[in-house]
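Presented sequentially are two complexes of chain A, the first with chain B as partner and the second with chain C.
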Partner chain A sequence: MTTAPAQAPAIELVNAARWYGNVVAVNDITFSLGPGITGLLGPNGAGKTTLLHMLAGFLAPSAGTVRVLGLNPSRDPSVYRRIGLVPERESVYGFLTGFEYVRFNARLQGMRDADAASRVAIERVGLQDAAHRAIGTYSKGMRQRAKVAGALVHDPQVLLLDEPFNGMDPRQRLAMMDLLGEMAAAGRTILFSSHILEEVERIGTEILVIVAGRLAASGDFRAIRALMTDRPHMITIRSSDDRRLAVTLMSDPAVFAVTLHDSELAVQTAHLSAFRRIIATASRTAGVRLTEVSPADESLESVFDYLVHR
Partner chain B sequence: MTLIETRSLTKDYGQVKALDRLDLGVEPGIIGLVGANGAGKSTLLKILLGLIPPTAGSASVLGLDVVGEADEIRKVVGYMPEHDCLPPDVGATEFVTHMARISGLPRTAARERTAEVLRHVGLYEERYRQIGGYSTGMKQRVKLAQALAHDPKLLLLDEPTNGLDPTGRDEMLDLIKRTGTEFGISVVVASHLLGEIEQVCTYLLAIDAGHLLQSAPISTFTQRTAVLAVEVEEGADRLAAALAGLGFKARQDEACVLLALDDESLYDAVRDTVAELGLPLVRIQQERRRLEEIFRDDAPAAGGVQ
Partner chain C sequence: MIHGSPRSPILALPEIFRVTVRQLLGRRRTLLLLLLAALPLLLALVFRLFDRIDVQRYSNSVFDGVLIAIVLPLTAVLFGTGAFGAELDEGTALYLLAKPLPRWAVVLSKAMAAAALTLLLTVGSILAGALVEVIPAGEMGVRATEAYVGATVVGALCYVAVFVAVSMFTRRALVIGIGYTLIWEGLLSSLLPGIANLSIRQYALGAGDWFVQLGREPARLPPETSFLLSVVVVVVALVLATWRLMRFELPGGTD
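For the complex of A and B:
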């Protein structure tokens, strides 16, 4: 067994690629992740699941290297003890009870006290009331939580989740977000894929975006937005006198377009920080009351849209 | 006319009570149906479609009784199921025409109507290709098209954005909104995504454990609160202190200062204080309540600025 270098990032890909015959699913991706929570985003068919499966050791990269906790997951099974995976597919046995399924995973991980660990995991996902019912009778959200319990029963250092919120109801979603947040705060490395951008935005700001097998962006989405200098920033303003404010704003070099709408003003600026410094002063000079100032394209949704449709 | 009405509607499956004396009265519009898993949403949809009879109580859709007039209901209701239910080896045109004919349209009318609804949902050249080769987004569109084929007055959609990526979701939501507003068809959307419901629906029905939890226009759940949030790039502490010094109730929350909006003069005080301190202003916005508060047991009371 090889030992991991002490300072290795939890997840590291260097020029990793994976193809199936002529289909390139993941194309020359390089990034590394440390502890914390990261959202894996991308359109359907972009290669998110392939990437997660490479990290989990199901697939060897066709080129490049994949390392998890400094080890090669497709060659070194010892790393499985420290990885938890929640696959997208239904991967639970309907004839087992939730508790049996989780304990099965605990034993597979060679845990000494599988029963106690399973009870803890079942409780963490809030499944204790149904723990001794067959999974076949579970709703989709409950099966999903059983999968999560099975993946975290051995308290893994790295947790990989493929669409973990799928099928969960609003309350279960909130509880799962809290759980992932706690684990990230406790120093775990969590990578989860999702299509629900407003949820990703609430869980954290770190993202990896894959488009057509390539890494389109990684890091804090707000920093990614700031780097898109070819996209003017849009700000929506409501005030007591939009027209007067528009005139004042237009005279400032930070602003390059102002559009008057029915009850609001849309401002475009290429220099967001300069604009932020002048807006209060400018409206005071104009004698206009500001009732609302809101960034219109700084959300994860806009950033994602810019990355995918460029 | 009332769109959906139920009186003491109850459904038992052996020991399990899926619906427990549910009383509803819903007017036409785009209605969001939310509830925990196992709350009785699917049971309610099945009863409204006339597919299963209630154990007790009654329900009517567009004035038609779900037990006595189930056949009539199917003429005026379109249903988009959640699960994958499309035959893989026919084209969308063939399938939707077939569904339209099952609903009683003559051959020519069914064909014309199919062309129309497929265009409406955004399927063009690909409509002659076999459905088995479609992407998730295209399959969802076919499911919606077949629900619209017989020109229903009410659409029941069960998790219509399931499996769609962000672009696909936006397009589907837009389609639902247009169907509801431009064609005047009432829509019931069952979904777990509250953000989605906020975006397209005009009315919310929330059920929990077979009981009615909430029934009201969406706007009542997303009202503006009396809290003004002011976000600055830096110096939130100084801003909070300065505004508190002027006698306003202010609380700092990371880069934000939350203020009790009791008086309009607050707006000017914020503007002038930000200008005097020379702070970079990110946002001034009145906070809104969020739909998810009805599912948060520890919901913080709106307007909590102390």
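For the complex of A and C:
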């Protein structure tokens, strides 16, 4: 009696790295993905596009291995029969109509009925009304949808999308998210990159967080989101008497640290929502007038930075 | 969503050819090439205006001095470097390369598109000029036309293959192409006869001599050598271009 072999992951990176001279774009990343949607989250310049290009076979790893559907994508073009790629760059053949562009993709995939497949793909991205207009006349969101239609026309097993929601309006985003959700439910492996937390939150149940070329976190979105929310927050305060306010704040257990600068206070707390009440009470108790209270580190980059260094 | 079982993607290569032709024709510089290609016809009309049919003089000054020396290399360089260079510059090459196609087939269809347009323009230009000024001279005129068409075909194929390949290695292919045409072929090959073996223009003229001797003296390379070197150049250029495409990587970055 033999047992069926465990199904190989659709995407697999083992200690994958990519550098250009002295610049390390992707640094020793290991992960594997099966069917479903995974969000690749990270600030601009983190290495997301490099990673996607490595998976798409357009950048060979400087070290480690990259496998897609068991094949090395940078050496074996036959893997493209089962991969769909939506690059970040907006450029598309502007002189082709949307339909011609999608059919071009279908024909190069060797599809027998490229016309029928193209019509289905155009319909799936909701581009029917503009299908016979030149892509050069499309809005950014329409171009994105045309690119997605071209990438999924051959019903790929793996879909790689680099910032796919760029330029789409909220309605188009929702429709695209639904489409990706349907494909994932049908057993496809979808990896999309984004630097916008809310985009990933909506559709990515699994996420990979990449910062400065390194994998900072991976796994269930909610667990990682909780880590992001519970991190220490830095708040900058200006008041009529910073020194007196600092003494009052230090007595509150929700406050980790207070640093007194020339014209402001820097306060660290783990409970951002509770802090609003704390600062109001503290200012009354100390008899101090607040002139400014602002979070100092709410950028996504600082959230990612926390994840890397925690 | 799959519509029927997939067939060999090579059968879809005419699609790359068609899209490349449309891409090249859509560029503004093609208009410039059209004007350039009209030169032999305009000059033929000027010759006729003065009521002179002088096959030798017209052929040497216009076909050789203008068409083979300037219009042909410039057209081939622009189409050859644009066939892939534009896709690499604009980023559309990704759509082409993320397909299960053998790389040699992509290179071949791109080169064929560039060669077809170069031939259309340059052979069309010769025929238009010849109809006015050369063919009316009788059999000698017909043979001279055949010779220049032959020379143009050989030259076009060589230039296009070489500059498709060059565009795969550098983004300065156009500058290199124009430099090669003006400095290497225009200047150095006339000063240093020894470098004829490395001049596509000399291959073209040598091939033309196979039909009829084009100039007052035979070309620097005999026709057989010209044909042989042309085949070697085309094959080596296409192999190099394919080799390069198989190792294609996107430009570096940190995102």
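The rule we apply is simple: the second predicted complex is superposed on the first by the 217 of 310 C-alpha atoms of A that agree within 3 Å, B and C clash if a C-alpha of one lies under 4 Å from a C-alpha of the other, contacts with A are read in each partner's own complex, and residues count from 1 in each chain.
Criterion: a contact is a pair of C-beta atoms (placed from the backbone, for glycine too) under 8 Å apart; a residue touches a chain by one contact, two chains touch by 3 or more.
Model, not experiment: these values are computed from the prediction.
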Quiz item: When the two structures are overlaid on chain A, which partner does A:K140 contact: first (chain B), second (chain C), both, or neither?
Solution: first
Exercise. Return first, second, both or neither, reflecting whether A:L290 touches chain B, chain C, both chains, or no partner chain.
Key: first
Practice problem: Mind working out whether A:L197 is in touch with chain B, chain C, both or neither, as first, second, both or neither? | Solution: first
Exercise. Look at A:R107 in the shared chain and tell me whether it touches chain B only, chain C only, both, or neither; answer first, second, both or neither.
Key: second
Quiz item: Thinking of the overlay built on chain A, is A:L59 touched by chain B (first), by chain C (second), by both, or by neither?
Solution: second
Quiz item: If you stack the two complexes on chain A, which partner ends up touching A:N44: first (chain B), second (chain C), both, or neither?
Solution: both
Exercise. Determine, under the contact definition given at the top, whether A:V92 touches first (chain B), second (chain C), both, or neither.
Key: second
Quiz item: For A:M168, is the partner it touches chain B (first), chain C (second), both, or none of the two (neither)?
Solution: first
Exercise. Could you pull out which residues of chain A sit against chain B in one structure and against chain C in the other?
Key: 44-45
Practice problem: Spell out the part of chain C that touches chain A in their complex, as residue ranges. | Solution: 1-9, 11-12, 15-16, 19, 22-23, 26, 90-92, 94-103, 248-250, 252-255
Quiz prompt | chain C contact footprint on chain A (complex, rising order) | solution = 20, 23, 25, 44-50, 53, 56-60, 77-81, 83, 85, 87, 89, 91-93, 95-96, 104-105, 107-114, 116-117, 120-121, 150, 152-155, 213
Practice problem: Over in the complex, which chain A residues touch chain B? Could you list them? | Solution: 41-45, 139-142, 166-174, 195-199, 273, 276-277, 279-281, 283-284, 289-295, 301, 304-305, 308-309
Quiz item: Where on chain B does chain A make contact in their complex?
Solution: 34-39, 135-137, 162-169, 192-195, 233, 264, 267-268, 270-272, 274-275, 278-286, 292, 295-296
